[in-house]
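Chain naming follows the written order as A, B and C, and within any one chain the residues start at number 1.
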Amino acid sequence: MTIKSVFNIGKASATGVGQVMFQQSYWTGLIFLAGIFWGSYECHLPQVAWGAVVGAVVSTIAGYLMDPDAPDGSAGLYGFNGTLVGCAFPTFLSNTWYMWVALVFCAAMSTWVRKAFNNVMAAWKVNSLTFPFVFTTWVFLLASRMMHDLAPDALSYPTLHIVLDGTLDTSFGSLVVYWLKGISQVFLVDSWITGIFFIVALAVCSRWAAFWAMFASAISLAVAILYHADPSDIASGLFGFSPVLTGIALGCTFYTPNWKTALWTVIAVIATVFLQAGMDSFMAPLGIPTLTGPFCIATWLFWLPQYKLQTGNK
Amino acid sequence: MTIKSVFNIGKASATGVGQVMFQQSYWTGLIFLAGIFWGSYECHLPQVAWGAVVGAVVSTIAGYLMDPDAPDGSAGLYGFNGTLVGCAFPTFLSNTWYMWVALVFCAAMSTWVRKAFNNVMAAWKVNSLTFPFVFTTWVFLLASRMMHDLAPDALSYPTLHIVLDGTLDTSFGSLVVYWLKGISQVFLVDSWITGIFFIVALAVCSRWAAFWAMFASAISLAVAILYHADPSDIASGLFGFSPVLTGIALGCTFYTPNWKTALWTVIAVIATVFLQAGMDSFMAPLGIPTLTGPFCIATWLFWLPQYKLQTGNK
Amino acid sequence: MTIKSVFNIGKASATGVGQVMFQQSYWTGLIFLAGIFWGSYECHLPQVAWGAVVGAVVSTIAGYLMDPDAPDGSAGLYGFNGTLVGCAFPTFLSNTWYMWVALVFCAAMSTWVRKAFNNVMAAWKVNSLTFPFVFTTWVFLLASRMMHDLAPDALSYPTLHIVLDGTLDTSFGSLVVYWLKGISQVFLVDSWITGIFFIVALAVCSRWAAFWAMFASAISLAVAILYHADPSDIASGLFGFSPVLTGIALGCTFYTPNWKTALWTVIAVIATVFLQAGMDSFMAPLGIPTLTGPFCIATWLFWLPQYKLQTGNK
C-alpha cells in the first residue's frame, strides 16, 4: 500500500461525504465534515463526527476491495452510505466497542448492498439513493433490542400512542433555527450553525444545490407548520432533512433546472413532508427512526414516472 | 379551455369511476356514482360521495397535465385511483378544509404514482391495479397521527390485542345484506342498496363482471363464516370487497372466461379472504385499514405465474 | 393415475424435502424426514412430521398440475416450500381439521407463488429461495388472529417490550446442543439428535454442504453469544437455522467453493445473525416468527451484487 493509494482513498472518502448531498467534490465533503465536527462537539456527541470519518473510509475501502476498477470509487459513490451509517450508529446506540465493530461491519456492508440494490433498480433507470444506509442501519437498530451488548441508548421507545409534543415557538428567530436544522439533520446533526456550514459547502460546488437545500427546507417547514405537525420534531429539523435531499435530487441533480422541473420538485418536496409524517407513524411501534427513508421513497415516486420535463444531466 | 374539453374530462372522469371495477364505460361509472351518493347520504356521510367526484376529476386532470396524448385518459385509467382516494379520505379523516386540500393533493399524486408503479411492473406484464390508491392513502392516513390538523376521526385505534367482536346473525336476510355489502364496500360504502346499484352498473357493461362480483362476494362470505372470522367485519362486508375485485380481475378481465380460469379464480378468491384476515392483523398495531391491498396482492400472486390457461383479452 | 406416476410423485416429493437445504437427492430428503420424525415425536408434536409429508406431496402435485412438463418437478423444486409450510402450520397453529385444510391450501399455493416470485426475480439472476414458504405462511399465521377456528396456539404474544430471557449455560455440552439445534431448526425441529440426522443427510449428497451447515451454525452461535443475544433463542437454535441456509446457499451452491467465496460466505453468515435479531424485533409487535426470512434477505443481499468470485455451478 503506497502513500498515493492512501491519499486516493482519503480523497475518495471525502468525496463520499460530499455525495451524501449529491456533490462530487472533496472540498464540499471536507466542509460538510467540518460542520459535522462542529455540531457533534456542540451536542457533546463527538463520537458522531468520528463515526462519520470511520464510516466514510471503511465503506470506500470495502468498495475498492470488491470493485477496484469501477469509476464509482473516485466519484465518491462508495462512501456516502457508509458516512451516514457512521453518523447514525453513535447517535442511537451506546458508545461501546461492540457498537464500533458493528459500525465497521455495517458501513462495509452498505457499499455492497448499494451494488445489490442498484443492480435491481437499473432496469427502471433509477438508483438506490441512500436506501442502502437506511436499510442496513434499520437492521442493526432493530437488532439492538435483541442483543444486550448493542444497547439502543437513544432510540425512542416503541409505542402505539403517538403524542404530539408541546407547542411551537414561531418567532422569526426560532423559525430560522428550525429551517437551518432541517439542513443540518441530513447528517443527523441538531445544530443550526452546522446548517450554515452545509449551505456553504453546497454553494462551493453548486449554487443550485445550495438554493434547493434552502428552498426545500423552507417549504417543508411551512407545510409542517400549516398542518400542525409534531412541534418537537419541527423544532429539531426532523421534517426538513428528507425534503432537503428530495429538493437537491430532483431540482438540480436528476433533472436540469427549469420552471417545469422546479414545479415538479416543489410538489415532490411537499409529498416528502407527508411521507415523513406517515413513516414516523409507521415506525412508532418499532421505536426506530425513519432515517432518510422518506426522501428515498418520495424521490423514487417522482422519478419513476420518467415524465419528459426536458431532462438533462443524468 | 373549451366546453368540449370540459365535457371530455367529465366523460373521462366518469369512465374512471367505472374502471375501479375494470369497466371502461362512463354509464357504468355514472351508475356507480349514483350508488355511492345513495349509500353515503344513507350513512350520513355525504362528503364521501362528493369526495369521489372531486377525486375522479382531479386525478383525471392530473393525468392529462402530464401525459396529454396517452390513450389512458379517455380509457378512464387516470381516474380510478383518485376516485378511491376521494372515497377514503372523508371516510377516515375529519371533514375540514385541511382534509380536502390533502385529498386533492393525494388524488393528483395517485395518478403519477400509478405511472411510477406501472413502469416498474411492466417488466412482468402485470400492472399496479389499485395499489397507487392504497399506497398514497396509507401515507396520509398514517400521517394524520403526526399532524394535528389532519385528524384521524374514524380510524380504528392501534392495538396489539385483536378481539373478535360479537356473534354473527346468520339468518337468510342478514346473509343477503352481508353479501351485498361485500360489493358496496369496494367504494367504502356500507349499504346493501348500494350493492344492488353496483351489480346493475356492472351488468350494463359486462354480464361476466356482474356474475363474478356476486359469485366472489358469496365465496368470500362462505369462507369467512366457515373459519369464524371477525363477525362485525363480516357483517359490514369487509371480507368481501377485495375478493370481489379479485374475481372480476382474474375471472373475466385478465383471463378469458372458461372452466380452467374459473377454477383458478375461485382459488384466488379464497386466498384473498386469508390475505384480508392476515393484513388486518398486520395493520392492527398501525390502526389503519387494508383498503384494497389484499385484492392487489392476491391478484398479483395468481397473475404473475403467467400460467397458460388459454389467456385472452389482455 | 398409474403406479409409476404415484412413485414419481413420491420420489419428487422426497427430493423436495432434500431441496430445503439445496440437495437434489431423495436419499437426503428421506434422511431429513427420518430426522424430522425423530424430533417431532421426541417433542410430542407428531403432527409436525406428518405435516411435512403432506406439505411435500401436496405442493409437488400442485406443481405438476400447473406445469406438468417442467424439469422443476423431478428436481424437487415444487416440494421444498410446501415441506416447510407443512412443518410450520402444526408447529404454530392448533391441530384441528381447519388447520389441515388451510395447510393443504397454503402448501399448494406456495408452489404457485414460487413461480410468481421467480418470474419477478429472474431479471436479476436470483431466485425466490424459501420466500414463498415464508410469505404464504406469514399470511396464514397473521390470519389466525382474525379467525376463531384457526387458533394461534403456539404463536408468541404480540409485544412492544422485548425482554431478553434468562442467562445462558455455556458449558461445552450445552454449546454442542445449541449448535446442533441450530441445524435442526431449519425444519422447525427443536432436537439436537435431529441435527445429527441432518448433517448425515447432507453428507450423503455433498460434503461441502455438511461442512457449511456445521460451520455456519458455529459462526452464528459465536456471534450471538459475543453480542449477548437473547439466551433462550440461542439455546433453542433460533439464531442458527437461517445462517445455516445462508452458508449452504452461498458457500457451495451458488458459488464454487474457494477462499474468496468462503470469506464472502462467512461475512454473509455473520450478517444473517444481525438480520435474524433485527427481524425478531420487527415482528415482535405482530407476534409471528421470522421463519427463514433472514436467510432469504441475507442471501439476496450477498448474491445480488453479482461480484465475480470465480462463480460456478449455478
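In this section, a residue touches a chain if its C-beta (ideal position, glycine included) is under 8 Å from a C-beta of that chain, and two chains touch if they have at least 3 such contacts.
Worth saying up front: this structure is predicted, and the values here are computed from it rather than measured.
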Based on which chains are in contact, what kind of graph results: line, ring, star, complete or other? complete
Quick check on subunit B against subunit C: do more than half of the interface residue numbers occur in both copies, making it same, or fewer, making it different? different
The C-alpha superposition of subunit A onto subunit B, two copies of one sequence, needs a rotation in degrees (nearest 5) of 120
Roughly how many whole angstrom separate the Cα centroids of subunit B and subunit C? 36
Please set out, as single numbers or ranges, the residues of subunit A touching at least two other chains. 123, 160, 285
Which part of subunit C faces subunit A closely enough to touch in the complex? 123-124, 160-162, 164, 226-230, 233, 267, 270-271, 274-275, 277-282, 284-285, 300-307
Help me check something: in the complex, which residues belonging to subunit A touch subunit C? 66-67, 98, 102, 105, 109, 112-113, 115-117, 119-120, 123, 138-143, 145-150, 158-160, 285-287
